[in-house]
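Next up: the structures, one after another.
Two complexes come next, and they have one chain in common, chain A, joined by chain B in the first and chain C in the second.
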Partner chain A sequence: MSDKDSLDNMPVNEVASDSLVARFDGEVRSDTREGYEGYIVDANMLPEVASVLRDDLGYDYLSSVTGVDYIDDNHIEVVYHADQTTGGKGINLKVQLDRENPIVPTLVPIYPGADFQEREVFDMYGVKFDGHPNLRRILMWDGFHGYPLRKDWKEAYYEEDIKPFDSRWPGGGVKRSEADNPYGKNVNYPPGFDINNWTPETDDSLYESLEKTNSNGKSLHTDSIVVNIGPQHPSTHGVFRMVVALDGETITDLQPVMGYLHRNHEKIGERNTFLQNMPYTDRLDYLCSMSNNLGYALAVEQLMGADVPERAQYIRVLMAELTRISNHMWAIGFLLNDLGAFQTPALYAIRARELILDVFEATAGSRMMCNYMRFGGLARDFPDTLRGEDTVKFITDLVDNTLPKAIDELDHFLTANEIVRSRCIGVGVLPPDKAIAYSTGGPLLRASGVSYDLRTADPYSIYDRFDFNICTRSNGDVYDRYLVRVDEMRESTRICQQVMRDIPAEGEIFSGKPQYSVKVPAGESYGRVENPKGELGYYVVSTGKANPYRYHVRAPSFVNLTVLGELCKGHKVADAVVILGSIDIVLGEVDR
Partner chain B sequence: MIGIVIEALIKSALIAFVLLTAFAYLTFAERKIAALMQVRKGPNRVGPWGLLQPAADGIKLIFKEEVMPAGADKVLFFLAPILTMIPAIVIVAVIPLGPDVELFGRTIRLGITDLNVGLLYILAIASVAVYGIVLAGWSSANKYALLGGLRASAQMISYEIALGLSIIGPIMLAGTLSLQGIVQAQQSSTWYVLWQPLGAMIFLIAGLAELNRAPFDMPEAEQELTAGYFTEYSGMKFSLFFMGEYIKMVAVSAIATTLFFGGYLGPFVDKLPWLGILYFAIKTVGFLFLMIWIRLTLPRLRYDQLMAFGWKVLLPLALFNVVITAVVIVFVG
Partner chain C sequence: MYGTGILKGMGVTIRHLVDSFVDDMRFLGQRYYSDSSMNIRQGTEGRGVFTVQYPDEKLPVPEQFRFIPFLLYENNEDGSTTDRCTSCGICAKVCPPQCIWIERSSDPDTGRPIPEPTNFYIDIDICMNCGYCAEYCPFDAIKMDHDYELASYDRTEAHIFDKARLDKPVEYYASIRPNDYLAEETARAEELAKKAAKKEAAAARKAAAAAKKAAAEDN
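Entry: the complex of A and B
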C-alpha cells in the first residue's frame, strides 16, 4: 500500500522539479546542500515561479512562509512550502536575500494566504515584501525596534545563545541573570529614542485604514463607528482584538490585531535543546498538546531518521485522535456560548472531554500540558489502572460507548435547534476556491467542500492503516463547520476503536535509549500533522548541534485568521463573534 | 382615613421588602438551577446550601468602588439605574395578591390598590423603564453601551406593541381594565389561558423581550457587547440594574399569572382567603422557573432576526388574536 503510494507520488515531484528547473534555467536551481531539498529561486523571479507552480503544476495551497537567518553566510532565506490539495508530498522554495537590505516580491496576489505569514516574516526578520498590501508588524507592536528572530538580536536580560546556560548548569547554583543586568543597563534603545519624551503610538492610522461605507447615504446621513472588540472581551477566546468599522450594526471592515500573548516562542525554541522544546510545544495550542507533540516529534524524527516502535505508533494515533475529539467538543461548546447559550451546551461538551483528559493525566502525567512524545517513541506506556479500572478496558469503553453517546447527545440537541440553524446557516460563507487561496485548514477548509486532510493527503505515522473518511460539507458556512466537527469526532472515535482493536498488547514504546540530548544531523525538515484546527507544521533546521538552528511553527489558528476579515464583511456584530468561534482559534498558537 | 394611610404604608413596605428579598433569592435560585442543569454544584459555601450567598453578594456590591467614566454625562449616568429600578417595583402596586381578608376587624385588600385602569397603568409604567436603559447606554460614553442602548430602544418599541395587543384579549373577555376585576371574571368562567392560548403565548414571548431576558437579551449580549448598556456601571449602581431586571421578572410573572392563569384563584380560596397568596406565589414562581429554564436552554437570536420576528410574526399574530376574540365575543357571546 505505502509502496504503491510513494510510486504514485514520485512522478509528480519529478515532473515538478524537471519543469521548474528547465523552465527557469539558472533562475531556479535545486537546493543541493546536505540535508536540504527543494529549490532556490531568484528573488525577482519568485512571482512567476509561484504562478507556474500554482497554475501549471497544481500546487494550489501555500502551506507556510517563514524565514531563516544564516548569519554566517550573510543571507536571510525566505522559505515557502506549497502543497497540492489533491494530495502528495509538498514542495519547498527558498529565496536567498541579502541581510542588509532584504527585499522580495510579495506572493499575496497569487496566494492570499501568505498575507499574515509574510507580515510575520517582516516583523521577525525585517524582510520587506514588495507590493504587500498591508506590510505592518503583526506580532510585535508598531514601535518595536529590531527584528527579534535575527541571530544578532539580543533580548533584555540576554545571557547566552543556547541552553543550558552556564550560570544555572552544571554548577547547580541558581544565579538569576537579572542580578548581573539590572534593568536599563543592557537595553538598547533605538538611535534617537528618548525614553522621557516618548509617547506611545496611537492606532489612528489603523482606524483610518478601515473601509467605511454609508450604505444608506442617499436618504439619511449616517456615521460609521469604529469599535475595538477586544483585547479584553468575553468572546475573543483570549487576548485577541478585532478592530471593526460599523455602519449601524453591520460590519464594513474588520482587522484582526494580535500578538498580545507573543513570547517569541521560536527564539526561545532556538535557544532550547531539541528535547527541551517538547514540553514547550504543549503551550502552543494548549487544548491539543498531544498532537502538537506529535508534529514536533515527526519533524525531528525526519532529521534523525529515528524508528518508532509499533505500539508507540498506535498510542500516538490514539492520543492524537482523542485530542481531536476533545478539541472539537470544546470548539462546539464554545461556539454555542458565542451564540449566546448560557454555558449549558459548553458544560455538557466539557463533561465528555473530561474523561479524555483523565486518560491523558493517567498516561502522560498531566491533563493539558502532556509532554508525552519523544523522538523515537513515547515517554511512558499506559498505566495499569485508570480510575480504578483496567486502562485498556477503560479506554475501550470510552471510545466504544461513552464518547459516541456524548457526540450523539450534542448532535441531538444542537443540530436541529431552530435558533442555532437560523444563526449559523448562511453566515460567514467561505467558497472553496477562496478557502484554498487563503491557506485555511482543518474544519474551516473541509466545510467548504475541499477534501484535504493531511492524514490521507500526506499520511504520517500509521494513518494509512486505518479505515476512516474525510468529512466534508459543501456550503462553507458556520453551520457546516459545526457539522464537520461533529462528523470528525465520529470518525475519530472510529479510528480510536480500530487502534484499541489492533494495538499490540506488549511491546517497546521507545526505540534506542532515553537520553537528554539527542544527536540531530544537519539539515532541514518540515514535519506536519493534521491538528484539530488545521495543518500544524514545524520547520526545523539543524546544524548538527544540540539546539535547533531554526524552529518555526506554522500555526493553523494563525493562518486561519487571515480570512477572518473577509468572512465578516457585511455581517452583523453578533455574527463576527460566531464566525470567530467557528474558526476556532487558540491564542497561545496565534501569538506564539 | 388615618387607618387607610397606615394600612397602605404597611402594605407598601411589606411588598417592597418581599420584592427585594425575592430579587436576592431569585438570583440565588437562578444560579442553583443553572448549576443543577449544567451538572455542577453551584454556590454552596456561604451558609447552609449556600443560602447566604445573596447576602454576601449584596455586601460585596455595596463596598465595591463606584467608577464614573471620565466622559460620562454625570446626571444621566446617575439617574439611569434609578429609572430602571423604580418602575419595576411600582408596577406591582396594582396586582391583586389574594382576595380580601379580615384582620383586626378590618377588611384588608391583599394588594396595594385596585386601580380601575390597572392594565393601562402597568403598560405606562413599563414603558418608562426603557428610558433607564437607553440613558445608561447613552450617558456612559462607551460604544458597547451605546449599541446596547440602541438595541434596547428598538427592541422595546417593537415588542411593546405585541405585548399591549396580547392583553387586549383578557380585557375584552372580562370587560374591565382592573386586575382585580379580571381575576374575578376568571372565577366565573375559567382561566383565560384556555380562551386565549395564543394571547398568553404572545404575552410570554413579548414579556421576555421586554425584560431583556434570554433569548432576547440583545441589549446586554455578553458575547457581543461585553455587558451592553451597563458595561461602565459598577458597585451599587450596577446592582440596581440587576435588581430592576429581576424584579421586573417577578412583575411580569405576576401579571401573566393574573391575566391568564387565574391570579390567586385555586381550590378553597373562598373559604380560606389566605390560601390565595400561596396559589399566587406558586404560579408566579412557576413562571420564574420557566424564564430561568429558557435562559439556560436557548441561544440568543440575532438583533435583526429579533426585529423581524417582532414585526413580522408577533404583531400580526397579536392583531389576529384580537380580531378573532372580538368576533367570537360578538357572535357567540
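Entry: the complex of A and C
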C-alpha cells in the first residue's frame, strides 16, 4: 500500500491531527477537555497553522469564527471551524486569549471570509485581530460602550443571569419592563461619561475607509461621491444600508452597514434554557424557520446523544425541503422586484409558497414561526385533514403536481426573458476560488461551480437515503444564481416525492418523554444544516446545566455579505441592488 | 425574437386570469364567502387566484393554529366553575420570553399554598406564540387560542391580560380544537379507568388477604 492509500483510508480528522500536532510540536495541542474536540493553537502561530491547514491539508473553507468567554478561567477563546470543499467532517481550532487584553493575528489574508466574522468577535468580545484591514464594530454602532457577549455584560432590561426568572412564580408581581426607566439603574455609562456634553460619533471613519478613485486621465473629471442606500430603502430587503463610493455612476467601493435589527440573539440564547431557544431560532431567517429548527435540534441532539424516530426523520427532511422551495420562490420573486418587475412575478412565485405555508400552519401551528422540532423528534404529527382533504393526499398532490408546475411556470416566463437575461448575465461575477475564499455558501457558492452542499458533503439527518443532485452552474453571475435556485427547487421536489413514497405510515415522532427542561451533558457541538441560503451552523457549549453556556449562530446571510463589496465593484448602483437580491439575505439572520 | 419574453409573461398573466373565471364557473357559488370556500380555492383542486377579501372573508385557521394562550375552567352542574390550573408554575418556567406571571393562592390561616392561582397574567405583547405553555402544562389547563384580532388603542395596560380576560370555558376549547379535546378526554378517561381498576384490584387483594387471615385465625 502506498503512503497515499493509507492516508486516504484514515479518517480525515486523524490525518489532520497527526500532521498538525506533529508539525507544530507544543504549539498545537489536542483539545482534551471533556466533550470537546479540535486543537488549541498558540495565538502567534495561528496564521502559520491556518496556512498549513488550507494549503497542505485541504481545509480551504473557513466556515465559522466565533468567541467564547470563559470568565472563570479568565480567558476568551476564539473558535474557528474549517472544512474541505471536497466534503467530510470539519475541523476546529481554538485560540485562548487573556481576557484583559485579547489580541490574535487576523486570518483575513488567508481566509478573506473571516473579515466580517472577526469584526463580529471584536464587536461582541473586544478581541483585537491584529492586522485586520477594517477592524470596526459591525453589529453595534461606533461609540458603543462594552462588549455585549462577555459574561459580565448586562443588557438594559437585565433581570437574572438565566431563565426561568424567580419573580414569575409563585409571587406574580407583573410589570412591564418598559416601565423601568431605561435611563435609570439599567444603563451602564463608562466612567466620566457626561450625557449632556456627548456628541455621537460620526460616520467619518466609515466614509474614509472606502476606496475612492478620481478619474485621472479620463476626458471628463469626476469627483468621487459617497451615497448611502438605506437603511430605509425598498431594495435592501429590510433595514440594511449600503455605503457606496461612486466614480460617476460606477461603484468603486461598497461597504454594507448592518445591525439595525440586532437584538443580541446569542445573549438571549445564553439566558434561555436549551428548549427555550427553539422558538427564537424561528426568528433568525424567518422565511426558513423549519430548517433553522432542524439545525439547532441537531446541535443539541449531538450533545445529548438523542435518537430520532424514523417517521420524525422523514418529516424533518420533508419540512426542510419544502422550506427550501418556499425560500427560493421568495428569493426569485423578489429578485424580479429588484429588477423593476414590481410584484407580479413575486406574487406568482409566492402563490405556490402559500400552499407550503398551509402545510406548516396545519402541522406546526404557525405559518412562519413554526417552532416544530424538539430534541429527539417533533412537536406533533401531521393533522388528519388539511383544507378538508386528507393531509397525506394534500402534501402528495402538492409535491407531485402543484409545485413542479409552479416551478415550470417560473422557468417558462423568466429564464428566457430578455430583460432578465440582459440585466443578470455577466453581472456580479464571483469566480470559484474567490467564492471559497470568502466562505460564501448556498446558491451563491454553487453558482460559481463549487459543488459543496452539506447534504452530501457532511450528510445529516437521513439525506444519505435520497437520490438527488447538487446543482451547480459555472459562470457565477446573477443569472446563474437564479438558475441554481430553479434547479434546486426541482431537486427538492424530488426529495419530497421520495419522502412521501418512503415515509412509514405510522410510528413515533418523538423518542422518550417530552420534558420541559432538558439537561444536556457538558461539551461543545457544532450542528449545521444546508439552509436555503447556505451553511447554517450552531455552535453550542454546554456546562451540563439547563442553559447553554455559549450559543452561536453561524448565519449564512451574514457571512455571504462579506463578498458583497467585491461583487459590486465596477458595476452601476442599479446592479448593486440586483446583486444584493441575488445573494438573498434576510436581516433577521444577518443582524441577529 | 425580441419581445417573446414579454409576450410569454403576459400569457402567464392571462392564464391566471382565465383560470380564476374557469374556477368560478366550475365551483359555482362555492368559491367565495363561505367557510369551506378556501378548501376549494387553496385545496388541491383550485387553479385560479386565491386572494382573500379580509375582513369580509377570513382564512379559516387549522386546528393547530396558535395565538395567545387562554386558561380553561370547567362549568359545574351547580353553576359554579372550577379552574383547571393548579398554579404549578410549569408554564411560567418554560415560557421563553418569560411573559407569564402567576400568583399562587395560599391559605390565609396557615399560609400554606393552595393549588389554584389567585391571579394569572400574560403580557401579550411579549408572548411569542410559541405554544410551549400549552404543550407542557400537565393539567391541560392552558391552551392556545385561535383569536388573532387583538388590536387595541392602548398598548400598555390593555395588553397585560389578567385571569378574568384569559379565562374561557372548556366548551370553547372543545369547539376550536375538537380533535385535541377528544384525544385528551379519552386519555383522561383511560387514566381514570386504570386508576379505578387498580383501586379495585387493591381492594380485592385486601379482601382476599383479610379472608385468608380470618381463615388462618379460624384454624
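Here is the rule we go by: the second predicted complex is superposed on the first by the 563 of 592 C-alpha atoms of A that agree within 3 Å, B and C clash if a C-alpha of one lies under 4 Å from a C-alpha of the other, contacts with A are read in each partner's own complex, and residues count from 1 in each chain.
Just so it is clear, a residue touches a chain if its C-beta (ideal position, glycine included) is under 8 Å from a C-beta of that chain, and two chains touch if they have at least 3 such contacts.
These numbers were taken from a predicted model, which means no experiment stands behind them.
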{"item": "Three-chain arrangement built on chain A, chain B and chain C clash or fit", "value": "fit"}
{"item": "Partner chain(s) touched by A:445 [first = chain B, second = chain C, both, neither]", "value": "neither"}
{"item": "Touched partner set for A:124, first chain B, second chain C, both or neither", "value": "neither"}
{"item": "Touched partner set for A:275, first chain B, second chain C, both or neither", "value": "second"}
{"item": "Contacts of A:294 with chain B and chain C, given as first, second, both or neither", "value": "neither"}
{"item": "First, second, both or neither for A:339, with chain B first and chain C second", "value": "first"}
{"item": "Partner chain in contact with A:165 - chain B first, chain C second, else both or neither", "value": "second"}
{"item": "First (chain B), second (chain C), both or neither touched by A:227", "value": "first"}
{"item": "Per-residue contact with chain A, leading partner among chain C and chain B", "value": "C"}
{"item": "After the two structures are overlaid on chain A, angle v-u-w for chain B, chain A, chain C in degrees (C-alpha centres, nearest 10)", "value": "90"}
{"item": "First, second, both or neither for A:397, with chain B first and chain C second", "value": "second"}
{"item": "First, second, both or neither for A:351, with chain B first and chain C second", "value": "both"}
{"item": "Minimum C-alpha separation between chain B and chain C after superposing on chain A, in Å", "value": "5"}
{"item": "Doubly contacted residues of chain A, that is, touched by chain B and again by chain C", "value": "344, 348, 351, 417, 419-420"}
{"item": "Chain A residues within the chain C interface of the complex", "value": "159, 163-165, 167-174, 176, 178, 272-273, 275-280, 283, 344-345, 348, 351, 354-355, 358, 361-366, 369, 371, 379-380, 383-384, 386-389, 393-394, 397-398, 401-402, 409, 412-413, 416-421, 514, 516-517"}
{"item": "Chain A to chain B touching residues, read off their complex", "value": "225, 227, 233-235, 249, 336-344, 347-348, 351, 417, 419-420, 422-423, 572-575, 577"}
{"item": "Touch list for chain B against partner chain A, complex", "value": "34, 37-40, 143-144, 147, 214-215, 217, 221-226, 295-305"}
{"item": "Complex interface listing, chain C residues touching chain A", "value": "2-6, 8-9, 11-13, 16, 36, 38-39, 42-44, 50, 61-66, 87, 89-90, 92-96, 98, 100-104, 113, 118-119, 121, 123, 128-132, 135-136, 144, 156, 160, 179"}
